[in-house]
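Letters A, B, C, D, E, F, G and H mark the chains as written, and numbering starts fresh at 1 in each.
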């Protein structure tokens, strides 16, 4: 059974650039089109299960808007 | 019998730097210590026979002060 | 001729093209960049020279070199970039070359901001470069004038072998207004006898700003001063509004000039007998005109988008004989006509004084206000 | 304390060292080079920072950076090099940093020559950089003053967070005179709360000259203007000679000031009741003092080694109420006392007039003469 | 990088402390943001936040001092290396960095960067190559590729009249004073990780007093390139990397010994 | 070179026409004079005197316009390449040269020379490297050798604090815009002849519109070095040449085809 | 007689073009006109606005503290500019992007669901035309024909097929009524 | 009481040092003094000169059009400065380098074959001392002791063995008489 994780996108920073979306190997990220941030952007969000907490989205996010967690079971790997 | 030549040093330009003196393969150039130019320098001059008109002094003179001749017998060689 | 709606920056560029500018050298900087961008395609399209220089420092020296050939050349920039040109401008002045410069002023000092301001007045008018020299400085206040005075700048620069600056600010550079463009001038074919252009068949020529012998330098400087006296005699320009019966006058140039016009109209509507004198050549300054006008006035108001730089020239013009007040917004803040109107009302209301300095009174008022 | 015979340039360098300068950045240029050469061995010897920069442009920005840390820093140059510093000076002023600059003026404009001149007056006093700012400018006229005012410059720069310029010319820079040097000040240990020095254990700090919001920039500019009013109130300095009973006065600063002193003495010996007012702070200018003095005078003579730059400030000071004449040698020519004496005689002989501009009359006289 | 434990989850990644909690003014997807983030992460990891003094340049990153959570100054266009020299010479024990764009460093600031490098100034330069003048609206930069369209080369850069691009890393590596000069790209997770390693190395170089270090980051400018961020990354990979090869151009022997 | 016949003697060498008949202000033995002479000779030989426009820089050669018998302008310190660009862009058919010292070109003028080279400006730069600022009395230049004493490095240049010398030819050869970049020395007849050949090649490059050419001349400054001219030539050979190797650093293929 | 119109919204909503269209039309009608935008980096992401002044005599300031009319294309613009409108002036609100009503009672207010309307017309990029039409419906500064002429002259060729729809958009907007208070 | 002395010759003849020596001596005597050289590239190869002013009160200009005394070490200097000397002033001519007589009749002239004299003293680098001595012999501005003290203080250590010879040079010079006209 694969490692499980999840991410939290901070709306004050996210600009909906989709760099994380394109980078996620699990394709579980997408923009929340029903929602607009104060700055007028559609923020990124988890749109499906299967996040492994691999941290790759965090590597690509220009706004450092993503916080990434992984279930204790999984080993904590630092993304650098 | 070696080629014969001679040089004429123009005093308005010569500053007695001796670069020609040091360069002359025949060692026939020297400064005229009995004579001072308007600018207060001892000018270079032929101090012995044996100038071949090789033109080397002219190659080193920073002031383009030297005119070089060679007897017709000798071939005219351009120093460059 | 057809009127076109153009941005000030682009109108100046096209006017220069039609005035026969052979080479443009510049560097991007807001709020002037459209001028460079326009030239970047317009000049090559006409087979003329355009170089986006590595810096304003390089640009002014490219201009210096090109000007030595006798061709019409120009550069443009905005405040910080203009500061980088000061050495070059001094050299060009010292070499007595015709060059046209455009300064689209922004808020300063330092990096400041990109909003409209007039804080470069002293730098441009009183010599920001080292040594004694004067530049002719034309200050348009609308796009049509920007076009007309750009063309004039080339003519004056050549006539007096002088650096000629078209001085405006971000407001005029960025706004669009209808304007008529002049016809396309043919390119210069005849060149002055000082032009260094390897024409051949003549004595060699050289151009330099060196005079290691001070006596020679002094002669050069006196020649330049003599020429400057001719400029002062022939080229002073300004525009008066409602001055015939005016008891009060506003003095303002460029953007603050047109803003003041709105205020003066409003004041007239209120019955205040106020007029406007708008210097067009801020260098040479319309000293005589202002002095003469001053004789019939009860009070003057100088309006700037800088902290009383032109004010000193106005006071000198009236020789401190007319009660004067000052109003300005600075650092990139553009005054609204209403603010100027208030200042006119205060002036008309009085009391008028000759004591102290108008700048100090203004600072006091602003301190209470802000 | 022992008197030493020193060149002006070296005396200024050693004075700065003793005033606790932590870093010097400069570039060679005649007639200032001895100052840089002196610092090149003196500063490292004391474990302080010295960099011969790649240019004056780099030097002023190294100064800018070092000044941000709150340390005492300086640069020095001469006219063309100073022009290259104009952008940096405007940034430093806009960032409200204390910096000491030395300008050893030479003949200009352009490359001109290396002889003594005072042609940078407007550039240094009225703002050669873009935007609204003021610099404190001290003008010594002998080596002792050069020492004293260099030390003072550092104190004033810090007190008012201002660019402070020591303005002299090649004559004073190159000549030797006896002088007393101050004791060695301990290096600065306490730093202002604006100093960017990564001290740790506090909120982060930053220094910048940007205010993209014009309203913020205006607030900054008003703060600077307010500080400048304090400078005007507290720091004006000048020296008067023979003014008690004077009917005439010469106004001159720096080298032309001391040359004028010789002429004034000679004139007194001839019985001409003339005095000398020598501004020491040319910015802020001793306006009040000159106005007051003017009230008792029949006429004034302004003497410069530039074409009437300070003249305008003197006329403004007297508000054109005193008949004034002007005399200058320019472009690197140093006037002899005899020439100034002649000008004083002419002034005393009269006729005195308020018509026209003193500069125009001077140009006319010189034209006849040269 | 800060790692902290929550109830039953392990924190894998969180915003670094060396960034302020201010939202940037950068356009969506602009990789200036990635460069900022990486620098902040490394500074956190090295624990030198309070020793840092940054020098912001003039360009889109002019407000860097608003985003980095340590001391900063702001330099005139192109003069950051000179300003950094001034700072470093009076505070040799602090860590001094400049953050410059390609117009800033490779055009107007060429003299200052070359001389800072040849002097071996012990500073670290972060150089963002996005092939144009972003802040002023996308004019040609010294790094603009041949044929690339910009607002001042609307028909595409013509090398005959507008010159050839400058390869800054190659150029600066020529100077004896430079100790660590490399080029990295911010176009995919792998390259971003390599970029971060380079930042760590560069700052270690400075910390050990080994002299001048510079990292050139190939970066995107979606706004002025007129592409989506995604498309921009692709353009960077396909057009920029071939012209600006990634790699280490100068690694002083002493630097080679640094193990991270 | 002008060659003319007299009665029974053949003229081997005479002062070139492209030099004015003015005595220079250079110190005795200063090789600025040799560089002047060689340039003048080549221009005579190519018969382009009346097509020449020279740009003098600020340094001991500031008065070059008094010595060269053709049109000249004089540039601010370090800006000769920019000024030459201005001249060349409006007069592309004329031959434009700059004559610059090492302080002028390699220090204050670094940005202008790098960008003239990268733009491939079709001009020729003559660069006199004499390891110091001659005109101002012998301060340290970017080219001053490590340990060399100057008036601003009286204990000898300390590379730790005063930086490393710049090798201009190597640096400029890095730029795609440069077509011909070489280093020569003026210390003996052989090298002087090679220097002259290089001048010919450089001017041919410009004449054929092949782009930017630059020749670095290792030159002496007896006055500020405090040596006799003879001793100075020796110092140049023993100290300078090892640090500044002679040779061709950039020869564009098109240039290689030029046969002289 | 002088009219001042301020148009404000997000960058990309066609704020500047709508203003220029007014300016071109005014010029072609032989009037004095000025158009001035907000400029510089603050445009990036943020809001854009432009002021157009149309007059019969030489125009002084191109900026005014109290414009006759305002088109507010988003909430920040409404908040910022509603208070500045001259008493008796006109306020056009793009309700598609604004979630509040006008508060001023001394001005004429027109609410326009511009996005919906323009999408109904088949192209949502035309919201700015609908809003412009609404303005001209209230502020009789220029005849609709003038705007149409300007559109023909200045809409990029490749979009000319959209001209009819744009005219419609203008008319639709012009037909809207001032809301009763 | 103010004395102005101008010393001129080729660079390398010790012009500037002779002037500085005077200045140091004057300072140590508690007098006001200024020393100002010609400077810059024109020194290269060409001629050098310096002006020394010694006074009891604050000195104004360090340059004067008509100095009290001139030491002319070469012909160009004589030609240039002889006409400027104050009537009644002093002119010292280095006849070793000058091939003409003085023309002024209203000044005191001393002819000094300085090179010969100094060579006789064993070191021809001391000509400037001989000439300085000749000046002080005529212009009683400072006691010889003052100059000697200054020499001790300011001659580089490595040359101190030459001090006695330098004193002699000064004295030899001082003993010379004004030539009769």
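Basically, a contact is a pair of C-beta atoms (placed from the backbone, for glycine too) under 8 Å apart; a residue touches a chain by one contact, two chains touch by 3 or more.
Not measured: the values here are computed from a predicted model.
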Dominant interface by contact count, named by its two chains: C-D
Distance-maximising chain from chain A - centres being C-alpha averages: H
Averaged-CA centre spacing for the pair chain E and chain A, given as whole angstrom: 25
Length of the line joining the C-alpha centres of chain C and chain E, rounded to whole Å: 39
Inter-centroid spacing, chain G versus chain E (mean Cα positions, whole Å): 42
Interchain centroid distance [CA atoms averaged], chain A/chain F, Å: 60
For chain B, residues contacting two or more additional chains: 15, 39
Touching two or more other chains - residue numbers and ranges from chain C: 30, 54-55, 57, 80, 87, 91, 110-111, 113-115, 208-210, 212, 334
Of all residues in chain F, the ones touching two or more other chains: 27-28, 62, 74, 76, 107-108, 110-111, 114-115, 119, 142, 162
Chain E partner contacts - residues on chain C that touch it in the complex: 27-30, 33, 36-37, 40-41, 44, 50, 52, 54-57, 80, 110-111
Chain C residues touching chain F - in the complex, by the definition given at the top: 22-23, 25, 49, 51, 53-55, 57-59, 61-69, 71, 73, 87-88, 91, 196-198, 200-201, 204-210
Complex contacts: residues of chain E adjacent to chain C: 58, 62, 74, 76-78, 103, 107-108, 110, 133, 136-137, 139-140, 142, 151-155, 161-162
For the chain C and chain G complex, residues of the former touching the latter: 3, 5, 30-31, 113-115, 170-171, 174-178, 258-263, 265, 334, 336-338
Sites on chain F touched by chain C in the complex: 50-53, 55-56, 62-63, 65, 69-76, 79, 82-87, 89-91, 94-95, 111-112, 114-115, 119
